[in-house]
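Take this structure, written in structure tokens, and hold onto it; I'll ask about it next.
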């Protein structure tokens, strides 16, 4: 999960989120192929936060921050910040993702600072900390979205890249509002079973099935630099992904991902994203 | 749970709900002492719906309606109707009560038509059916409250007594709006760990901690005929129940319920309720 | 799971069941490759039942019928009918499949009417409903089998194709008795880890390990049109599948299914099945 | 659970079973008040089996026999024998009790040889071992009953007292057939929520709701020495326990057990049982 | 759980721990009767840490410290400090208590600052914070004990009262070593099912069954001021509690606690404890 | 899992273990490709133990030994012996593997004597039994290691091949001490996510992350005949497997195992192992 670290420089990535769908206990296995990219950023002599090694600190000891990184109240001085958005009130079926940030932090006690497969060493070149959670409004999803947008504005104002721990998929919308305010329309790498591009659900414009419709309407995405990977299952119309394709999104249905390495696809995704800012969204089952 | 059946005549009870807090699997054990009341209503020769006996229909067979009673779309012709309100978006901590009605129905396959302890035989004098769920708005709690109120107006208009399967505690507010429209201010028997009388939480007037504050503000309760039983635990002020008492509610903290029969208390509750309409609210752990 | 819809015309399919082994919570992911077949049946102007869209009806709302389709007491007027057979008394090890139909119905609230991968739209050309469960005898497996056979006779008499929700694997035997009465010996597509072709177990002829032995003995299967796919694991003899092959069954062990697309296999299966009636049996893990 | 040990002399107890209803994980807490009786039997110099002390053998080590007592194939030479009857095919609702004997054995690793509350020391005067399980027929409940009866005949023929680990409640019937063959009609101490005295269920005479009806019909019980304790909940008729009382059984509904010591009741039970042989049946939640 | 707050002044309490036995999910319900004592300590004008109100901060938001109190690295300036001791390597049967401190913190998001039953308001007169966990040695229990003792020495040196979140019962021994170094032999209020006074288990002097034997041997307890409450179950000798009583401990078996208020017992316990320092140990089921 | 049976002759295999990491419920699916080897050993006319067939003995019946094989106290007369090592006190994070042997035995009731895929029939040429568990010291990991080594010395002295059911990964070290005493340095086939070659963790030389470092230091492994397969995830240094490779181990990271048959790899492993004794270590997820 930390393997993308070295590549998160300011010109490249704008934000990333790790949304939960329904399973409160996560396995934080990252898809290394997606992110095996060579480092760009130089170390500048300053000392970085590093997850404490389980060789010296017992895994079960310590306050559960993300990867046991230091907690700090704001994003000041950080290259990247873990931030939790603990909501599930945008969910249509099974709730529980509100406990996602708390449980990701608990399980992150197992993370170590290097990745043997990708050889990524994010903590050698990036200053990272856990800055806690957005104070959401459990009783009003629209107000929660405002609170998320405002919180991300502050984080982004410091120049820091937010690494979001969700939370249901609704959160992509207010986060991208804040991101696009700073970076303009961004690219999107969206790994999920669902496109999340519905227009109105149960009479509502905001929910976990609609964020990317709202983002396109408000011009938050650079639609030629959007890819949705892994889409599958039943839908409301004969071509569920027609709208996505009509916006210029690339859609990669899950059948195209079976029985083969995803490395060629990832090379194409990198070419599609180019050098502009990108929002990464990964569904963790 | 069905033991109160015989006493639910029109002059006495206005509505009843069975709210869930956090545990999705219910044990439907009723507190018989609360409800052991003699029957009033005459049988009038018509045939009633009765839960099918497991002597003839296998417990595991059949569509999961409440107690395997017939499903009908409206409350027309019913004395009492089971109705689900599947929400948890008013919850401050653990969600899941949205699956309460579905799971209560699943477990209700164990219910039989008589109660050996209370000798209640509700299906001998009341026409009861399952009329399904309110179509809630998962994404907007305030709109959900409107939908609940409107649905209960229709049910109450038929003269039927609604037996609610929740759903988090927010639902008492819109249900009582509809009940008071028909019956005027009603008495309340409220069995719970919490008073649910907060004013504003996270900036919101509506949530699972505030329904009875709203009900008092809108004059939906006959405050001298309100009793809250079983209150306990930590609170926000030195006397968490000061406001309840100031309204004229009787508050029975849980310490008063330990190590003894609750029959004397129930006699007092019955005297307090008198002959006016009453809303029963039972928390199922 | 609904993707095979269009192909279930009268000349082709005779019945289908979805048996459970031991896991009460299902993931209803269908193997699309198996079933991607072009439609044959014409729409004839009549209106069909369609699972209500979660865009208008909250997923958590409503009585739990299969896919929230209407419930009707008989199969009259239906092209296909979901029917539950809630037994596990034929199981040798872990029980629980008796709750399979109830739980499949609960989880089916997530199903939508189209399948983006296969482009199947079953509800555009078939009248489908949920007709409830067979009233099984929990205490006598042999009598349960009679009850299943009788119930399926009635369903098949209407010309409807039954879509079975199991229930342990014993059920294939009485269902095929009813199917063969109407259609003569049928083909079989059997996806499972076990062949279920034992002769006698614990002194009994009927149980979840013996149904296809009984079917062959009674001439219910067209043995040249039988394929068993995915067989694996330990057995009672050096060649566990010898008997199957001796009957003319095609046996595809699970090793032949690893690391590759199953599309070529499915083409062969279709050729093997030809145009006669077929019984589909899918194990859901 | 072992606290009744000293009192299980040949003239007093005939058999005991510990039936499971639905929860596979047991807490083996005994109700000491029921069983605090002074010892009668003399030690005769021979050495007894004793559960190995966790002071010397790690709790997690060792084959899971009951209390880690030795396993032997027959009851020869034993005063009392633990025997499992792993069935749940007589259950009307939730199965799983077939794993009861296995799980009781697993959890029994926590048992120690003395009981501080009752001062019982069963292993100082009784030779006890685990003699395994009845080889039940998973596919035919009636044949299973025959197998149980036959197995108990053999155990009882040795003069040993069987201590049964169930298994659903059906088992009381075949066990009492074997017991009454040897001891004549016996007394019964039955602690349960249900009377298990139905006549016919789903057309069947044998199941977990009918054993004591069958026992009375066959004269296996000394009806004046039968007590049913803890009965509660809903039933099929206005007086669910009428039949029990008509046979001369004492019925103690659960309401009579609340908020007080059960010692006076147990004194009455002992007086009722007198000095004849008794079958103890305890439901473990 | 926080209800004892006001009484934790320096002359009265020396330490308190909340040990876990086997259940990782806690319900933090305190036994109010034990601790309803009037306040002694004056507020001195300084501002205290207070758990943030869920009226303003969403329960699901925020790093999981105990009661969301501030985390600080040392006990400097605190009246009382929550400290975790995350071990279970002293457990004889089911492990998991190593996750106790983490899970207590997670569930403590529900705690509020006042207790309606006891009227305790600990945060109005005590400066409390969470100081994290002892860095235990997962692989060597004896070294873990040294690490615990050393950590508590540092905490106690500041004058702060440690409020321990365990961890298995072994921890009482090294904590009391540190406590007695500072306060001399202390009183003990020990609420548990087991006396934890074994001498040697599996050849070892240190484990979760031996701490109070070690404490007595080293003179850490004022034995006339020791009470063990709730002892029950099976043991290794006819009188499991003989040794406890021989040391002068008061032993209150669980049978003495049934069916009645514990207030009279608690009055006696307070008289027994007098005015000297006391170690409270509470088992949470 | 039993498929390797025929190949376990004295000149080839020295020992095998099946270690558990964190999941108490096992699926005992073996990777057949690893072990499909032709038989070498002749049947010599003696009769072997065979797991009883579920055709004659109900799966739920019987004391839970491994595969319901006979239990015997020592390894005398056995070709191979199942032996449990129930520890988890060497675990850095989630414990529970101490219940591994007990749970493997419980689930092994499903095993049958032949494997249809590999055609292995181990019980036709090997005398196998369950010889119970090592009596571990729950409170001292170092003493536990001594106890394991001593127990394995006795088993190996009989000429029997131990088939270990773990238990955490620490156990490989003391087992290999005993194995190398008898067989000299052995080959190692190690299937795991982690290399378990750390030097010191939390100041300790012995724990579940260090066994193969210790083994190399003590010359227990023939390092050219060591292969570690499936290594993955985050580590403490840029090249987590540098040390392994420096010893001459072959390291096969998990990325090399994706999307393809492992048969070619297994052929290479067999060539690497040659004809000397080998220790197999398989992690079961």
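Observations on the model:
When the chains are written out, they are named A, B, C, D, E and F in that same order, and each has its own residue count from 1.
Please note the rule applied: a contact is a pair of C-beta atoms (placed from the backbone, for glycine too) under 8 Å apart; a residue touches a chain by one contact, two chains touch by 3 or more.
Composition by chain, UniProt nomenclature: A, B, C, D, E, F = Agmatinase, mitochondrial.
Model, not experiment: these values are computed from the prediction.
Number of steps on the shortest path from subunit B to subunit E, with steps defined by chain touch: 1.
The chains that touch subunit A as well as subunit D are B, C, E, F. Chain centres were defined as the mean of their Cα atoms; on that basis the chain farthest from subunit C turns out to be E.
More than half of the contact pairs of B-D, counted by residue number, reappear in one of B-C, B-E or A-B; that pair is B-E. Between subunit E and subunit F the centroid-to-centroid distance comes to 42 Å (mean Cα coordinates, whole Å).
Looking at subunit F, residues 58-60, 92, 98, 137-138, 201-202, 259 sit in touch with two or more other chains. Which chains touch which is summed up as A-B, A-C, A-E, A-F, B-C, B-D, B-E, C-D, C-F, D-E, D-F, E-F.
Considering their complex, residues 92-93, 198, 200-202, 231-241, 253-255, 258-259 of subunit B touch subunit E.
Of all residues in subunit F, those touching subunit E in their complex are 88-92, 95-96, 98, 137-143, 201-204, 206-207. On the side of subunit E, the complex with subunit B involves touching residues 2, 29, 32, 53-56, 58-60, 109-117, 119, 121, 259-261. Taken in their complex, subunit B has these residues touching subunit C: 57-65, 71, 84, 86-87, 98-99, 101-102, 105-106, 130, 132-138.
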